[in-house]
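Order of writing sets the labels: A, B, C, D and E. Residues in every chain begin at 1.
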């Protein structure tokens, strides 16, 4: 494993994108930062600018309005970049699958590296997903 | 509740001549059918004179026309008064109430977009809730739109 | 239901056309899945509910200890005062246990859908010489729109008038004949 | 001084390598203590290094329409300034003899310590991003607001050291924060330090929730690593600088003990910085200006100068 | 000075949802705002029309994860109004408990986010830390930390077990000292005062014009609270106060929320005392044709659901009006003229979440045109419009329309209206 990847696994900075989620996934994601779960232990930081991000955490099935933005955000992220689809919506459009304003689950818009199902996934599940992703990358 | 009954009587008096008919199956819900052209005046009566709180508008597509419901809440007595207007299906058009109720701006635009209702006199009728690439003249809440079965 | 229908029937004009479903002809081919122009649900397939009601009215054997009712875990089936089966749409989950349980094969699985539709018999919607869309959809002409005589034979013999608007037809069955 | 020795001073000890190591450690302490204050566990010790190495390995994106050279150069400018400042300050601390260093190295150090902020402004304006520009203009206002009281506060030790502007002599001139004037100036300087470090409550320039990280918005990869490193270095250099001018610095004269005492002083300042940033909300830029120009900071600094001139 | 546009979002770090505010600024001052919220539009109202009545609670609780009990509750109340169902006593208490626990966690969540918005991360972490016990209790009672799936037409889906009662009580009582701490720490901090007092003032008149609800309106002195005005669940049997503020600024909104936490604790404890064993569900058979309105005081204000049924087991129209839909526009009234740094906290004070707003709106930022002028223009164009309408659509057309409607309603078996 190259040093680059090793460092990446030790310090994955995430950028959160809500593409039409119901807040729950987002809250659980932020919850993972807070004292009970504290993902900073693993070097995970939530960053404010897409340029600083290593991983895009996408929550929500992608609405038609959000789809082009998601694509653009993905292109703006510096390589190497990972995409995490967090929540059933992001994985498969979830309960909103037949809404008229849905452009598709995340993987139809940008390539996805790992899927975290659950509605919402518990913070534990999110952490587990990230860990599995890092194992996959490493 | 005496207070509520008094208010209802007052509303009925005020709206007399405008209300085509009204219905009140349960005490705290009142539905008043009115003509489209009386609407701004009726809204002004409810909102300004009787200080009802604007809640929201609902648009419904029916085979006989597009119906728009104007919900107002009278909080002190827990009464919800709903004005209902039926618009022509081919050319749904109604006066905007945004000049009277500022908060109605978004919802009128939303109904415009989802149901194709024209709000005459709306200050800012721009594209609203749907994606920028949404086709023109397609109204997702119309009965004719798309499949609807599970 | 049936009772109410009978009562009001006398007040309607005898010439009135009604929807007639001939369950003997019907092959359950499900061709009659039609977008019927019901008041609200544009995708409504009223034929399903028509067939359900017809079946429950004329084909069902009105068992004294109905297995379908006892098997339903949701208490969704009940017999009304006339012994006609009714399904409560808010309770039924469409699991189809009842169609498996019925010893007479009355309840075809396809007539007990989870999401039900409503048929209002196109009342008031039809102009002169028009027929409901569902009528044309049946390739076997099991669904018709006809004037039916007021004195249709009793249920036991030919068919049953369900109510003001619907006539269902099936082969007669007799309780005695059904014995071993 | 031979060039080789110079290079060693700047690149290894007490320059880049040394500062780097401590910067990383201080960044860790900062994050760890913050985490503890917030009931969290916090990152592992090597975390800042992981972050740094990772950023080096990331793609560098230059924003479209940005001034490419300036955009990439600005972080390096900041980084070298921080390195040089560290070298200067440490030199004064380690060999605090009168005559060592050069006349006015205090002034040079102050300048160098300003450059990281200036580089941030340059970088922000070079990124051709509205948010970054707004961040930069805020940073500019911040500099205007805190630089004045900072310099005023620095007059106090100069006066107390008999008017010398050599770091080494200032260091010797004041044995401890013994004068009331010194204490007042010290407090003012600490507040300015907080602003110089760009930490809450004075982080309006990069307010994460308003401007997503302000001037740094467009940075990625190695330049971002440089920026972060600069900031960590500042986190290390600023406390050292302050104790150097106000509180006797870290000297080797008194053997191990004085080194320990000196280190404790630095750590104390660091803890103050961290606590300050964790117990207050961010203040608005106009409030910050008013705060620094108002009686509390500038007033205090001026008062300290007056006192020191009176010999108190 | 030059005008620039500062976007907040759509993908902004801590605003959980994809709201898109464009601030038009001159230097630091906000001149106008362009709001754009469509990123979350999922077409839920249409999805609901294709679901059966029993499935919809699961859909509407996913309108938003924070109000994930208010929406189903409002919905089931609307349907119960159609079917005229009497909900069993115990179910009413359970509904109240769940709704108040939701308010607890939601207000704590807000407190944290507001702290974060003004860069006070310690408050953020602490508030969220103390929110965890509430979620734990929720998980224990309902099986999930969010999206509780407790509401059901005619009752609730699960009973609260006897052995859970002491746990709830303990959790609620443990929260009291925490609350005191927050009140002390937040309400007395001079820097917080400086950042929030007199900032983003919403006048009562503006609140009314925009139809603001919940803490946003109450902070401006409007004492509106559905729980008192049109009591549902068990609220009319309990003793509690409607908290109102006066100044309508960010500080007042924060104070109202903090004090409401105390009221919620009180309500939960009373429910635990009063609750008696019994049925929790009336098994509804059918939903007759008709229409109903359900209103619930969600943590952010009145949630309004309008449901119309045609007698099948799916609604024909389900309208959702969540609190943020009327609260977010007030942001425009409160924010103009303030600085960019204040904009975020003003925004946070409304506690905006756009999942429910679920649609996008663009408020015209038309260069230089102030909203006041816009509305003046409206008056003119409206007068013109009315004239036109009169001449176009005479009485005749209106009467035919009415006939059509009456005919339509007659067919679906409604009383003419």
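Here is the rule we use: a contact is a pair of C-beta atoms (placed from the backbone, for glycine too) under 8 Å apart; a residue touches a chain by one contact, two chains touch by 3 or more.
Remember, predicted model here, so these are calculated numbers, not experimental data.
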- When D-E is set beside A-B, which has more C-beta pairs in contact? D-E
- Going by C-alpha centroids, which chain is farthest from subunit D? Tell me that one. C
- In whole angstrom, how far does the Cα centroid of subunit B sit from the Cα centroid of subunit C? 39
- Query: Cα centroid separation between subunit C and subunit D, in whole Å?
  - Reply: 84
- Message: Taking the mean of the CA coordinates per chain, how far is subunit A from subunit D in Å?
- Response: 35
- Cα centroid separation between subunit B and subunit E, in whole Å? 20
- Multi-chain contact sites of subunit D, meaning residues that touch two or more partners: 38-40, 208-209, 212
- subunit E touches at least 2 other chains through residues 12-14, 38, 41, 43, 46, 49-50, 52, 125-126, 129, 308, 316-317, 360, 407-408
- Task: Please set out, as single numbers or ranges, the residues of subunit B touching at least two other chains.
- Result: 62-63, 130-131, 140, 148-150
- Query: Can you list the subunit D residues touching subunit A in their complex?
  - Reply: 31, 35, 38-44, 46-47, 50-51, 53-54, 56-61, 208-209, 212-213, 216-221, 224
- Task: Note which residues of subunit C are touching subunit E in the complex, please.
- Result: 38-41, 44, 75, 88-91, 114-118, 120, 123-125
- Note on the structure: Listed in rising order, the residues of subunit B that touch subunit E in the complex are 20-23, 25-26, 28-29, 31, 33, 35-37, 40, 51, 53-56, 58, 60, 62-65, 67, 69, 71, 73, 75-80, 82, 84, 86-88, 93, 95-96, 98-99, 101-107, 109-110, 120-124, 126-131, 140-141, 148-150
- Task: Write out the stretch or stretches of subunit E touching subunit A in their complex.
- Result: 10-14, 16-18, 38-44, 46-47, 50, 58-59, 62-66, 68, 109, 112, 124-126, 128-129, 132, 145-147, 353, 355, 360
- In the complex of these two chains, what residues of subunit A are touching subunit D? 3-4, 7-8, 10-11, 13, 34-35, 38, 40-41, 43, 47-49, 51-52, 54, 76, 78-80
